[in-house]
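Okay, so subunit A shows up in both of these, paired with subunit B first and subunit C after.
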Partner chain A sequence: MDAATPKPRENMGEPLPRIDARLKVTGQAGYPADLPAANITYGALATSDIAKGRVTRLHLDDARAVPGLLDIVTYGDMDKVEKPKFGNSGATSIGPLHDRTIFHDGQIIALAVAETFEAAEEAAQLIRAEYEEEKPTASFDSPGTKTVPAAGKSTILKEDVRAGDFDAAYAAAPVKIDARYSTPTQHHNPIELFSTTALWQGDQLIVHEPSQNVTGWKVELARQLKIDPANVRIVSPFIGGAFGSKGPMTPRTAIVAVAAKRLGRPVRCVTSRMQAFGTQTYRAETRHRIRIGAGKDGRITAFAHEGWEVTSRPDAYVVAGTSATGRMYDYGSVLTHVSLVRADRNTPGYMRSPPETPYVYALENAMDEMAVALGMDPVEFRRINEPKVEPIGKKPFSSRSLIQCYEQAADAFGWAKRDRKVGAMREGDWLIGMGCATAIYPTAAAPCAARVRLTSDGDVRVQCGSHEIGTGVRTVAGQMASERLGVPIGKVNVEMGDNNLPPAPVSGGSISTASVCSAVLKACDAIRAKLYAGATAEGGPLAGSHNEELDFADGKIVAKGGASAKIEDVFKIMQLGAIEEYAEFAPKGATPGALKKLYAGQPEFHGGDQDEDSVKYAFGAEFVEVRINSYTREIRVPRIVGAFAAGRIMNTRTARSQLMGGMIWGIGQALHEATEVDRRYARYVNRDLQDYLVPVNADIQDLQVILVPEIDHAVNPAGVKGLGELGNVGTAAAVASAVYHATGKRIRDLPIRIDQLIA
Partner chain B sequence: MSQNPASSATGLSRRSFMTGTVSAAAAAPLLTSAAKAEVPAATHSKLREAVAVSLRINKRPYELSLDTRTSLLDALRDHAGLTGTKKGCDHGQCGACTVLVDGKRVLSCLSFAVMNQGKEVTTVEGLASSEGKLHPMQQAFIDHDAFQCGYCTPGQIMSAIGCVNEGHAHSEDDIREYMSGNICRCAAYPNIVAAIVQARDQARGA
Partner chain C sequence: MRPFIYEQPADISAAVAIASRFTTDDDQPTRANAQFIAGGTNLADYMKLGVAAPNRLLDLNRLEEPALRQIRVSDDGIRFGALVRMGEAADHGEVKRRYPVIADSLRLAASGQIRNMASLAGNVLQRTRCEYFRETSWACNKRVPGSGCAAMEGFNRQHAVLGASDACIATYHGDFAQALIALDAVIRAEGSRGARKIPFARLHRLPRDTPHIETDLAADEIITAIEVPAMPWARRSRYLKIRDRESYAFALASAAVVLDLDGDSVREARIALGGVATVPWRARAAEAALQGKKLDEASASAAAEAAFADAEPRQHNAFKIELGKRTLVRALLETRDMKV
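Right after this comes the complex of A and B.
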């Protein structure tokens, strides 16, 4: 066992290699833009140079003169299809070619289609527009913003959570802080470029596009194109990173489909890295005001979290992490309020741990400030405020292993060796700081279907329309089938990423492993029941045994007493060659129409703060060491340790990798990532991977992930809590507290850069 | 932050070339000197004309008819059917398109296909043996879970092989530095370093 393959502890599965690993290291994994399409043509987008106004005239002659140019799709050409809708399957309500209004910089104004990629690019760059330009509103503090309460504007936030009398408790508190924090605009920047390839076969439309939501997109695309959803197929077998960016479908998809229809040939449009900043979603910039009041014993009596978030003019994208921050600790009273700030921007969207990353950053940075104000160790401060029930609805947690996470991470990190005094730790020219923070992410699941087939030869096929975005869901779904049906993983084939497969929910909100594995488990158990019936029937090899005494192992059905029957022999007795089961899983609390909604691409999420009996969250604790050069103020993170408890761990290898990637995302949040907005033009400036900084290999040194055992039967049948979005929550606050510990400077606005540390 | 040791052969930006902001007179010598191809003094319209390009990829000859502006990356993907090499930025900033040209790592998005005539191009498809035995670097990437989504992986593996061959894999610090031109957004970096150490040690032992 090395670092990548942690030894399974209690309630953890084996660190099997990814079942698609060989395809990925040999270049054979087919990402959507890799899939062949005969007689293909190439599309390139032209986008607006202004952020607000109207397109008055388009000059297309130069573009049309490019040899190999086949078509230009622009205003008027989308009139016969419906405008996009904003919601879970749709990124924005802005139909860029339905209307000459410009809502944001970089909005699509045309699609050029040509015989070659080079000709399409040349033509798109020769398209010129004349505009009636208005002065745009860029962001917070720009003239022309409109601020409205977020509650009720979206299903994300029905109402602002609160408990008790905050004002009185805060006024009476002997120790208190009142501080403001901010997080910047960020773009997901998966390394796979966004692309759409549309192929028509008669009335049938096939779309190759990286997607986290093939069923939702099928329904939404069919609605826009006014065709039967049964005639739309979204194919996305491998996805080159997503992080939320490929959850909602953007308007490009329908535009490319229309182009392919007009031309009678397939069209592939790969969006440039630069154009993706304006044509895809992004993480909205946020601002926070946090007030905490506590007694001298460190017990929190009052907590208030106010948030402000930028969104577009037409769409109410709501971040709202107050549901989690309001339930994090045993506050005596809670007050929260979230506001939307509308500006002339493209519509933001989900980005890895959408509500928690910015909101928990603000909370945890404030918790560290409060510990300092109390003169208390920050770990001890959190221990004192560990709740028995959550403070809003007074419900218990289905499980909560936060203190165990703190203990195990602190021990591995060597927290006891930290000198609490600011600036006290130093090695040569480097100031050393150590900090910590809590990670939290709601545990949810959604309805999901799966089909599993077991042949008499012991071959298993699992089919589920979920999405392999790098999480390892294809592997853990196969692992679940392998465990339940007693066959080696090498005999299991898993098909995903196609809406012709049994439907799965959007791969977002860290619900995939729980939802998919619960459906696969149900299908496998139906196969087991059939084979048990065959084996225990009169005259059968295990006649007289009861199902609960039986299990599958090594290609056999094994009875408690030691008797066993080979599965192939049971198949023979039953005169069957294969057993195939289709299972539909619905989480506890699902409405009667929940499964129907799954097929309609509108999966219901259950869990988190929604359930009656308990609230469901996964927790973690992260410890960071920073080193800051005393002359240059260069900031390095030589060490980071995270301990996480997330119920059943299906595969310690893929789980660790997810958490590790999350923690590195957290370091990026803390020190690197920010999309700069030119406030004069409401335009993104650093629209490429040279100037949009993300962590690179040299930024990461010693990183340790600890998987803390936890058993939780209440969350779902698989006992799995999601962890894809857990690792990057809290990290930035841990870095900020370490920076404070090293320098005495409290940085509240992310990212933390050298200039903020130069006095 | 995203400095790239695997720089292109010329440092010429294909994009500025394509948009015509580089004058034809300035562009032509770069093309001819780099490729020694019989490309006439280019005019803008001439640049659009297809030319016959002979490439050797993974030890096999390819005769392609290409727009002279076609990058090596697009030639591999769209014309030779080798889609293992990935496009992540088309600007030489992410490393996903890294291939080996005459054994050295090159960003194929920043190299015109015509500049590579007569050179030996190796892509991720050319690493495993004809019997399917994986290159030690490929196996090490599996063993150490050195990827998640897998999209940057072909570029990481080609770059890793280049890194070891260049003698830039002496220490983990070296590896981190010389692999920093290959961005992994899933952030498998510690596992990539561990994989390279394993493959390096295997190569030394062999």
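Right after this comes the complex of A and C.
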């Protein structure tokens, strides 16, 4: 065991290597744009140079003259298909070629299709547009924004959460803070570029595209193209990073499908890194005002969290992390309000822990400020405000191991050695700061189907239309089958990423491990039941045993008393070569139509703050050390420790890897990441990885992940909370807290850079 | 990317001959129909982005002259062949020993992969990374003369505070060039008009009202070598680079410092500043301010004030003036404290 393969503690699975690791590191994993397609052609997008106005004329002659050009799809060519819809399966309602109106910078104005990628790109670059230009509104504070309440605009926020009388409690509080925070626009920038390959076989459309939601896309694409969903197949076997960016389908998919239909040949369109900034979604820019009132004893009596979020003109994308921040501590009274600020921007979307990352950043930075105002240790301050029930609906937590997380992380970090005085810790020319923050993410699950086959030779095939976006879900689904059916992981094959497989929900919201494993578990248990019946039948090798006395291990059915039967022999007795079971899992609280909706690409999420009996969240605590040069003020993070409790951990290796990736991203959010907007033109400026900075290896030094044991049977049959999005929540606040400790400067606007510290 | 003709000339004279056939005396090297390529880490990028569009590329990697690939150390100094890769020079024992400032400037630039590809001559000729230059949809006087400058009132956090003009505020982002200008390096070039030497300080041109004219080179001229004069006291030298992340980022501010100390006091100082100016920037006023002085925090600060006396901030880059000063102070004190 080394750091990458943590020794399983209670309720944790083995750190098995990823079952597709070898394929990935040897370049054999077939990502969608790598999949072969005979007689392929290449598409390249042309996009707008302005953010608001109308395209009055397109000059296509130069593009048409490029040798090898086959077609240009532009205005008028999409009229026979439906406009895109904004929602869980659709990134925006803007149909870029349905309408000559320009809603945002980088909007698609044409698709050039050619015999080669180079010719397509050249032609796309030669397409020139004439515009009737209007002055665009870039963001907060720009003239022309429209601010509306977010509540009720989206299923994400039905109403603003509140409890008690905030105003009275805040007015009466002897210690209070009132502060404003902000987070910038951020783009996912997965290493795998966005792409669509469309192939028609008669009436059948096959789309190779990296997707977190093949079933949802099938339905939405069929709607747009006005064809039977049964004729649409989305294939996405490997995804090179998604983080939410490949959750909702963008308008490009239908455009490429139309191009392929017109041409009668497959079309592959890989967008450039730059074009992704305007044609995909992104994390909305947010602002926050937080007020906290507390007694001198440190008990919070009043908490208010107001948020403002930039969205596009037509679509109400809502971030709204107030559901989590409003339930985090034992506040007494809670007031929240979320507003949308409409501007001339593309529609934002889900990005790893979409509500929690910005909102918990603001909350936890404020909690640190409050601890300072109280003269209290920030860990102690959180301990004092640890709730017995959540403050909004007064429901218990299904489990909550936050204090254990703080204790274990603080111990590993050496928090006790911190000198609380600001600026007191120093090594040579380097100021040292230490800070901490809470991580929280709602635990949800959705209906999911899976098919599992066990052969008499002990080979297992698991089929589930979920998506391997890099989280390791293919591995843990295989691990679940391996454990339940008593076969080694090497005998398990897992198929995912295709809507011809049993449907799974969108791979978002950290629901996949819980949902997929619960369905696989159910299918495996059905296989077990059949084999038990065969083994315990009259004259069978385990005749007389009851099912509850039996288990599967090492290719055998083992009875409590020690008797056993080889599975292969049970198959022989039963005259079977293989047993295949199709199982549908529905989480507790699912509506009667929930499974039907799964097949229609509309999975219901259950859990989080939605359930009647309890609220369900995973928690963590992160501790960060920063070093800041006393002359030049650059900030480096030599150490970070995170402890997390998330119910059953299926695989300690993939769990650690997810949390580590989240923490690294959190450091990036704290110190590096921001999409810069030229406010005069409402256009993105740093549209590539040269100027859009994320941490590199040298930025990450000593990083420790602690998996805290936790057992929670209330969340779902698999007992899994899911932790894909937990790791990057709170990190930026922990960094801000450490920067304050080192310098005495409270930075409230992310990212924290030299600019703010040197002034 | 536009289609182009690709040629691999066999030697320097063949390369010059082809280049002079397809260019005129008025052509800028960065705008000519025929352009040279070596490592390609900058030009290929800009060709993909449509910023550069030569229709003929002359690949210098097959040039047969062995000296182009050699680092020669002698009592006269060091001679770097133009095609020596950044990584080779950064790892060269004598370079590290005699001129730490050169080795540092190369080691702290780009990434390992890029350093293994990029040639030294190509590195000093790298073009600005200004976001508004990099993308053809913005107005840019450097890319399209007379079209305006979108950076001037735009997002100009990484732009220059020294050497800017009303036409251009794009930063020269290179690191190696700061070491070379501090050490009084000399460029050797060959073109259709013969071979010549160019003091490094004269290679790059200030933007003034012609930001599209970037260097003193003719379109058919090839850099063949970079010569650094002997300077025994250059062992006390270093390059300090301050950036948003620990590696693989351009300097927000940097300083190349070479010190000749007599006990505590400065016999001679060489100072160049990166990340803050439109061209490789020799800070002669700062050098003069230190001459004969005891080097301490106060004199270093006075030198830094002198270095940035003419700095002009824009909306988002004002912090660079203070950062530039502190970078220089820190570099001076750290160089003073080097054990040589």
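Please note the rule applied: the second predicted complex is superposed on the first by the 758 of 759 C-alpha atoms of A that agree within 3 Å, B and C clash if a C-alpha of one lies under 4 Å from a C-alpha of the other, contacts with A are read in each partner's own complex, and residues count from 1 in each chain.
Keep in mind that, in the parts below, a residue touches a chain if its C-beta (ideal position, glycine included) is under 8 Å from a C-beta of that chain, and two chains touch if they have at least 3 such contacts.
Since this is a predicted model, take the numbers as computed values, not measurements.
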Inset, instruction - For A:116, select first, second, both or neither according to whether it touches subunit B, subunit C, the two together, or no partner. - result: first
Inset, instruction - Name the contact category of A:125: first (subunit B only), second (subunit C only), both, or neither. - result: both
Inset, instruction - Please work out whether A:239 is in contact with subunit B alone, subunit C alone, both, or neither, and reply first, second, both or neither. - result: first
Inset, instruction - Tell me which partner A:654 touches in the superposition: subunit B (first), subunit C (second), both or neither. - result: first
Legend entry - Touched partner set for A:631, first subunit B, second subunit C, both or neither: second
Inset, instruction - State whether A:699 touches subunit B only (first), subunit C only (second), both chains, or neither. - result: both
Inset, instruction - Kindly classify A:172 by the partners it touches after superposition: subunit B alone (first), subunit C alone (second), both, or neither? - result: neither
Inset, instruction - Check whether subunit B or subunit C contacts more residues of subunit A in the superposed model. - result: B
Inset, instruction - Tell me which partner A:578 touches in the superposition: subunit B (first), subunit C (second), both or neither. - result: neither
Inset, instruction - Using the superposition on chain A described above, determine whether A:687 touches subunit B (first), subunit C (second), both, or neither. - result: second
Inset, instruction - Show which residues of subunit A both subunit B and subunit C reach, each in its own complex. - result: 118, 121-122, 125, 672, 688, 690, 693, 695-699
Inset, instruction - Spell out the residues on subunit A that touch subunit C in their complex, using ranges where they run on. - result: 49, 118, 121-122, 125, 274, 429, 629, 631-634, 636, 671-672, 676-678, 680, 685-688, 690-691, 693, 695-699, 753-755, 758-759
Inset, instruction - Please name which positions on subunit B make contact with subunit A in the complex. - result: 1-2, 18-19, 45, 48, 67, 69-70, 74, 77-78, 81-91, 93-94, 96, 123-125, 127-128, 134, 138-139, 141-154, 157, 175-177, 179-194
Inset, instruction - Spell out the residues on subunit C that touch subunit A in their complex, using ranges where they run on. - result: 1-3, 50, 129, 131-132, 134-135, 137, 150, 153-155, 157-158, 242-249, 252-253, 319, 322-323, 326-327, 329-330
Legend entry - Residues of subunit A that touch subunit B when the two form their complex: 2-5, 17-18, 20-31, 33-34, 36, 66-68, 116-119, 121-122, 125, 188-193, 238-243, 270, 272-273, 468-472, 653-654, 656-658, 660-661, 664-665, 668, 672, 688-690, 693-701, 703
